[in-house]
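These notes open a run of structures that come right after.
What follows is subunit A paired twice: with subunit B in the first complex and subunit C in the second.
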Partner chain A sequence: MTARLLDVGLVLVVLGMAAWIIVARQTVAAVMGFVAYGLLLSLVWLRLGAPDVALTEVAIGGGLSGVLMLGAAGRLRGVWQPPSEPGFPRRAVAAALSAVVVVGLVVSLLSLPDPPPTLALAAAANADATTIGNPVTNVLMAFRAMDTMLEKVVLLLALIGAWSLAPDRFWGGRPGQCHRADPNGPLAFLARVLTPVGIVVGFYVLWVSAEYPGGAFQGGTLLAAMWLLVMMAGLTDAPPTGRRWVRLILIAGPAVFLLVGLGGMLLGDAFLAYPVAWAKPLILAIELAMIVTVAVTLGLLMAGVPERSARE
Partner chain B sequence: MTTAVLFGCCAAITVGIGLYGVAVHAHPLRIILSFNVASSGLFLLFGAIARRGAGAGFGGDPVPQALIITGLVVAFAATALAVVLLLRLAEASGAATLEDDPPDGGSV
Partner chain C sequence: MTTFAANLLTVVAVSAGLFFFLAGTVGLLRFPDTLTRLHAITKADTLGLGLVVLGLLPRAASPGVALKLVGVWLLTLLASGSVSQLIARAVRREGSSA
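Let's turn to the complex of A and B:
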């Protein structure tokens, strides 16, 4: 009963926060609401029995997206921005149409087949093939590894898209603006103390994902956050996007994934089929390459479009 | 009412709130935010359905859960691309709007 009351309370807070994101007058206030909303959603994911998704939601919804949009709201200060005051007819029509969608979704939710179809039994039955205990890691890295590989390619495409917006003279240059901070200030202190701990935790999140919630993406996000902290504290600068080592790290994750996948084809079974005896070490090799690629891709994606020449 | 149905209804309403925001806002960053609210509702709905498939000692069906993680990453990539496009547009045109000819009345 208490758990049910807490669930209902959580739902009300989530809905209130979602509404706040839409109705807040200030864009910055809406973005702040979005960060809080991401953290609340991760609690919902825990209640839905999905701790791996909860970790991803904290990393993306509460962390990366929030920082990205806060930075954008800050940079839009000083340019012309449209007022956020739609007329009553527009609001009424939008509310009515949205209500129709809500009713449709609720009706289809309530008319789902019972007993529900599930692949949980199949995932449990095949867990021996990889000797990995966390079923979500098994699905991500083995049973549906193709999705995970293509997801990394999508991240890379987004980064290429961002870079391609650079003015011609800055192509291959350093992304974003140079951060100057007091080398003895609190931010630099935080960056020095927190970064080693964050790097260890990032790799730990990857390592435990074999048995417990975690994963290469979640760990890579932590590493990217540490890199961003060090850059914001002015202790290091974003590398020029034209450097060869940057490009090699960016393709390392998908490349190792592809090589292992093609190897599976040569050894007989199928694309991305791991030989059973080698499944665990191969998956670990892919994940280690991926965590570094994810960290650098996300860090550069957050740093933005190249805006300075490589020598600056 | 089961946990799945409770959070499923929450997810459906969240989708509605997000769609409403997409329809009423003129500010591109607010539209991106609203779109993210709507997409988070869709992921949540999928998660509630995954919860119904709990079995074999797992809290939910792991296959949809893995698909949601992949979806979250792809949605973030799209959001990041949309934000840099908006910033570049604002830098090039001096106005954060999709209108060809920004009318008066906005805030600087």
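Let's turn to the complex of A and C:
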């Protein structure tokens, strides 16, 4: 009973937050609302028994997207004028479309077969093949490893897309503005004290993902956040995006993944088929390469488009 | 007897923690400007979270879990303290009291 009340309250707060994001007048306020919404949504995932998704939601939905949108909001300040109030016909059409989407979602949810078709049992039955205890890691790194690899390639494409917005003369230059902060101020203090802890927690999240919720993506996001904090505190500068080591790290994750996959073709049965005895060390190697790539990719994505020459 | 004492500690500490959260929220909603609101929310919430963690310590499954709870509180202490300083400095620099 108490749990049910808690769930209903949580859902009401999530819906209220969503409505508030839409009606918020100021862009920054809406972004803050979106970050809080991500945190609330992760509580919903926890209540649904999906801690891995909850971790990702906190890291990506709340943290990373929040930082990206805050940056966008800062750039739009004073430049962007909100469009004039839409008239009644446009509002009516928008409302009708939203209603259709809601009805469609409700109908498809209610018409799901019971029990729903699932591969969870097959995944659980074959868990021994990798000696990894966390079923989510098993699916991500072994049973559906192809999806995870392509996901990393998409991430790289996103970064290239952002970089391609740079003016020609700054191609390969340093991303974003140079951050200057009081070297004895609270931001520098936070960056000095929090960063070592954050790095340990980031690798810990990767390490425990063999048995408990966690993973390379969540850990990598934490590392990227720590890097961004150090950059914003002015303790270090973003590296020029044309540097050889930057480029090498950016492709390290997908490259190791691809090499292991091709090795599986030569030694095993198929692309990305791990020899059973080597499954865990191979997965760990891929995840270690991935966490570094994810951290640098997301850090550079948050740092922004190249806006300064490499020598600056 | 020791379980009773542990349960009593949990109930008293968590209730006190929730009281401070409530007080902080009331301050956030009722105080007139950014600086006083910051004062209310950071101090009261950090103390409230500390009391909740203290109350949950006897219920931790293992010393490791207890250490993680204390770690969460210490990180919150660091983050909310630093961030409130940053917001306060930004308010002073821009001279607004919105």
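A few points about this structure:
Note that the second predicted complex is superposed on the first by the 309 of 312 C-alpha atoms of A that agree within 3 Å, B and C clash if a C-alpha of one lies under 4 Å from a C-alpha of the other, contacts with A are read in each partner's own complex, and residues count from 1 in each chain.
Following the convention adopted for this analysis, a residue touches a chain if its C-beta (ideal position, glycine included) is under 8 Å from a C-beta of that chain, and two chains touch if they have at least 3 such contacts.
On a predicted model such as this, the values are computed, not experimentally measured, just so you know.
In the superposition on chain A, contact of A:Arg180 is made with neither subunit B nor subunit C. Of the two partner chains placed around the shared chain by superposition, subunit B is the only one that A:Val102 touches, whereas subunit C remains out of contact. In the superposed pair of complexes, A:Phe189 makes contact with subunit C only, with no contact to subunit B.
In the superposed model, A:Arg25 makes contact with neither subunit B nor subunit C. In the overlay built on the shared chain, the residue A:Val197 is in contact with subunit C alone; subunit B does not reach it. Once the two complexes are laid over each other on the shared chain, residue contacts for A:Arg311 go to neither subunit B nor subunit C. Which of subunit B and subunit C touches more residues of subunit A: that partner is B. Remark: subunit C residues 75, 78-79, 81-83, 85-86, 89 touch subunit A in the complex.
Note for the complex: subunit A touches subunit C at residues 185-187, 189-190, 193-194, 197. Here subunit A touches subunit B in the complex through residues 7-8, 11, 14-15, 18-19, 21-22, 27, 30-31, 34, 37-38, 41, 44-45, 47-53, 56-57, 60-61, 64-65, 68-69, 72-73, 75-76, 78-84, 86, 90-91, 93-95, 97-99, 101-102, 105-106, 109-110, 112, 116-121, 123-125, 135-136, 138-140, 143-144, 147-148, 151, 154-155, 157-158, 161-162, 165, 215, 217, 301-302, 304-305, going by the rule given at the top. Contacts from subunit B toward subunit A in the complex involve residues 3-21, 23-27, 29-30, 32-34, 36-37, 40-41, 43-45, 47-63, 65-70, 72-81, 83-88, 90-91, 94-97, 99, 102, 105-108.
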